[in-house]
């Protein structure tokens, strides 16, 4: 197992080190080739792992002891099982495609920028692999923070871009926002880790899961809830932050300030799904604690519907996709929350394909439109960029749940689970599915169909080079066929593969009803979207109504946070911490100690005569005192 | 009063004389001489204890002290010469650059 | 208690005898020096007072004694007067460890008298003190001689004397090293510091000089320098420093310097004889001869050495100061070091592999001479090449 | 009888030590130092440390103090050599510290000496130069070598210290001498 491990991690590490340390001196083609090559090697490693894992149980692989203090011991150890190798495969595969795509998309950067970009990208994938392959929560947290760091670095990749007029967000601001909001979630995750250590005395997955029963039967920790409930709840707080759920989703739309491949990779396909992975990984705990149906799934379904409304009203190409991502992540949480872990992971995978593809087409469009992301200035692009258009259509159909495309299987598995357990969740999910189809085809209709709204941009638009379109095509094929080929239908290959890890639960009987409802709503959404928005002028688009005003303003969530949290903290910091604590107490202590040292020094300075004999006399005096004391003792 | 005690007392007194000289004298060369006095006092104590214990190790130490004293004097005197060249003085009170 | 007192008396008597011996030798030496120099320079020398001028030194002595001791102003009176004595005393003290003859047998008249108070089966040593660090004692006393010179130079409050004193101190310190190293190889061979044992080791004609010719040369040169004799008399060279450290001295104080110089020479020669030329031994004859004849043999050898010193003085021109330093530090010292190493190697070969001692030592000496020859040849070549190069460049 | 000699030479050593400090003229101080050296050497001889005694004379009297004198004369200080002693305060402080120190050390010495028994029996071996050499070159070989390196370092250090840039040593120093 050591060889695939090395193949998984070492090329990325080498890429990080070489590009990171020498990048500015390397030619651009080399930096790009190095980044992609390292990624490809890692993908190869993941491909090798899959048959090994499916061939038989592969135990944990302990590399070395990371830290040990008393009874606390954490190993750097990897866990190879069905779940982690599926995740590794998705991550490395999609990442590989996006790496290649980025070589075209980022070709306008200089040597420094390009090598920096690939350094971060490789480091991100490395961290992501640590996250999904670690066999304990500590190592998972390392990966968790690593991807958070890379996310921060990549969102702020164009840190020197000025604030655009009239735009509240710009890269460095968005990066900070993402980082800080994630901290809130990480705080919960950390407390959960501490709780697990005090409860189980270890952080290793297997050890915790096999002892989980003990904690479940233990005494209540707080507010009448057992400790396991708190652990799972706090873990989910971490997942909320990382996977952009209500109430911590606000960073994700702003994160679109990063380069589009980054949005595709980190903020659609991989990092944001880490929370889903974590819940799926901890399925034993969630099943025991019962947190899933009571906390995870409701949060997920509300997020799914709520984000869909904002996606429906956004005029930013990537903004629509960002809210769509939030929404789809909500779906995944519904899946894992309701015990349909397989369905959640399946949607994670299909989402990685079609949402990655959507973002890549967005990148392609932005590339053609000189980085203008406002869909009100697009229109009729299908004539200029046929490949992009076709792949976009495939992705849109997949996400809308068009029958027998990949999204159809995964989304319906989730809705089935909801239908079996909770009617209100199912209906909300079904409506959200309809909204999904609606906003995707709204986007399609405005951007690709009809007439051009900005002739100058339209004339300059062109199809992207093959390095960009090739990944589009590959992903389009995957989006279309993944469901059928990988057996995402009930008891298919995919579920059987994951069955060992994910205790699939079956509630009630299988029924086709939810499928028909959601497909009907989806198809309706598609048709309505096309019909309403095709050929609309800019004015018509801008004209809002009472219903659309609130979601268009993003429900004033940012403003509410600003008023409720950010401003009070700012003001308190200003008036209490700065004007009082810092200025009087801390500065007082610092100045007083400095003054004391100065005063003592002023006295002792007289000793420092520079005359050697003074020093000798002092030495002698010391010796005399020592001898005297020694004599007294 | 045994011979042993006499030697030790002489050693202690010599050492004290050396200490006082180092503290009091201004002439750098004389200060060095006083250091030699102190070393001699130590040597005397070494030899005395060596005799008392009936081993020669103390005398060996005397050789080492002498060798180090020779090195120290050579270095010290050349420092004095250098200082004198630069400041035309061998008064230790004039050499106060340690202050800065 | 009384035995101790008598021992002290005997020792004092011996010491007095030796001091008188040296003091008697000085006038003879003065006369000899003047006659020899005259002979070498093809002139008459002193020949008016007494037969062949033999009474001349006595006349000189009377003159010195009666002359006023003139003390210049601005001198440091105490040190000015003490300096000549400080110079003389260590050289006389050196005589304490010289074995002047073979031990006086107990059955002789004098020996019987002495053995009444200090019985020794092997006879009474004609030696004031048989110190077990004998040679080191000589070395210590020799190193003190410099105080007289340096203090005389400083106390006279005269720049010429001061320079003379400085030169002397630097010179003595420099050559002490070579002297010590030369003695060291002798000590290595004999394995003792006691001078009488060293002499006895050479009994039967196995004189050290035959085994250690190079050592002897080093020793002699260094000893000459230590005694400030020509060609190493830079401390008193008339042309540069008027009279050197004793410029300001006159009358009896000056005579004391004279005395000290000749006493130094005598002791140096005596030690040379003891270390390298068998002391009082003479090819085994000392076994059968009475002790006073061996005493005579010793005196004769010393006289021969003194004659050699006189010859050297009037033959060689004086060194320049830098030449003196170069000779001491760059030639004699490395040579002496090499000598010690080779001697030690020879001894090691003798003790470990049973190589006969004398061949081992001789091989070492020959190797040393060969090495010196090689180095000098190479240096000459390098110098000529260098000069040719510089000429070519010019 | 022997104790008398110990007392005499000890006294001489102390007188020499006092003179080193009291004399204003450094030359006299140096000579007083020689006196002390001789007295200490005599104490060594009384304790049958003949070799150490001889080395004491050779090294201290023969080399170190000569070096002192050499430097005093080389600098040719004139009046500057006769520096006045330190100020009253410093003299007082120095004397006070010295007396305190002497008191404490004296008490320790006295306590130790009064409890110490007679000299150990092996004293007969002490005077033997060979046994000294054996101990030095067997038990203390490493320190011996280290000391030789220290001396070498001192040699190099001295050369570095007194080097005057641009001028050779021979020309300047030799001319002065």
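Structure notes:
A, B, C and D are the chain letters, set down in written order, and residue numbers restart from 1 in every chain.
Just so it is clear, a contact is a pair of C-beta atoms (placed from the backbone, for glycine too) under 8 Å apart; a residue touches a chain by one contact, two chains touch by 3 or more.
It should be emphasised that the depicted structure is a prediction, and the values quoted were computed from it without experimental measurement.
Taking the mean of all protein C-alpha atoms as the reference point, the chain centroid lying nearest to it belongs to B.
Centres computed as Cα averages put chain B at a distance of 6 Å from chain D. Centre-to-centre spacing of chain A and chain B amounts to 75 Å, using the average Cα coordinate of each chain. Between chain C and chain D the centroid-to-centroid distance comes to 27 Å (mean Cα coordinates, whole Å).
Computed from the mean C-alpha positions, the centre of chain B lies at a distance of 33 Å from the centre of chain C. Residue positions of chain C touching 2 or more other chains: there are none.
Within chain A, contacts with two or more other chains are made by residues 613, 617, 620.
Of all residues in chain D, those touching 2 or more other chains are 51, 55, 63, 67, 74, 86, 90, 93-94, 97, 101, 105, listed in ascending order.
Of all possible chain pairs, those that touch are A-B, A-D, B-D, C-D.
The touching residues of chain A, counted against chain D in their complex, run 613, 617, 620-621, 623-624, 627-628, 631.
Across the complex, chain A is touched by residues 86, 90, 93-94, 97, 100-101, 104-105, 107-108 of chain D.
Of all residues in chain A, those touching chain B in their complex are 608-613, 615-617, 620.
Those residues of chain C that touch chain D in the shared complex are 1, 4, 76, 79, 131-133, 136-137, 139-140, 143-144, 146-147, 150-151, 153-154, 162-163, 165-167, 169-170, 172-173, 176, 193, 321-322, 325.
For chain D in complex with chain B, the residues that touch the partner chain are 2-3, 6-7, 10, 13-14, 17-18, 20-21, 26, 29-30, 33, 36-37, 40, 43-44, 46-49, 51-52, 55-56, 59-60, 63-64, 67-68, 71-72, 74-75, 77, 80-81, 83-86, 90-91, 93-95, 97-99, 101-102, 105-106, 109-110, 112-114, 116, 119-123, 125-126, 131-132, 135-136, 139-140, 143-144, 147-148, 150-151, 153-155, 157-158, 161-162, 164.
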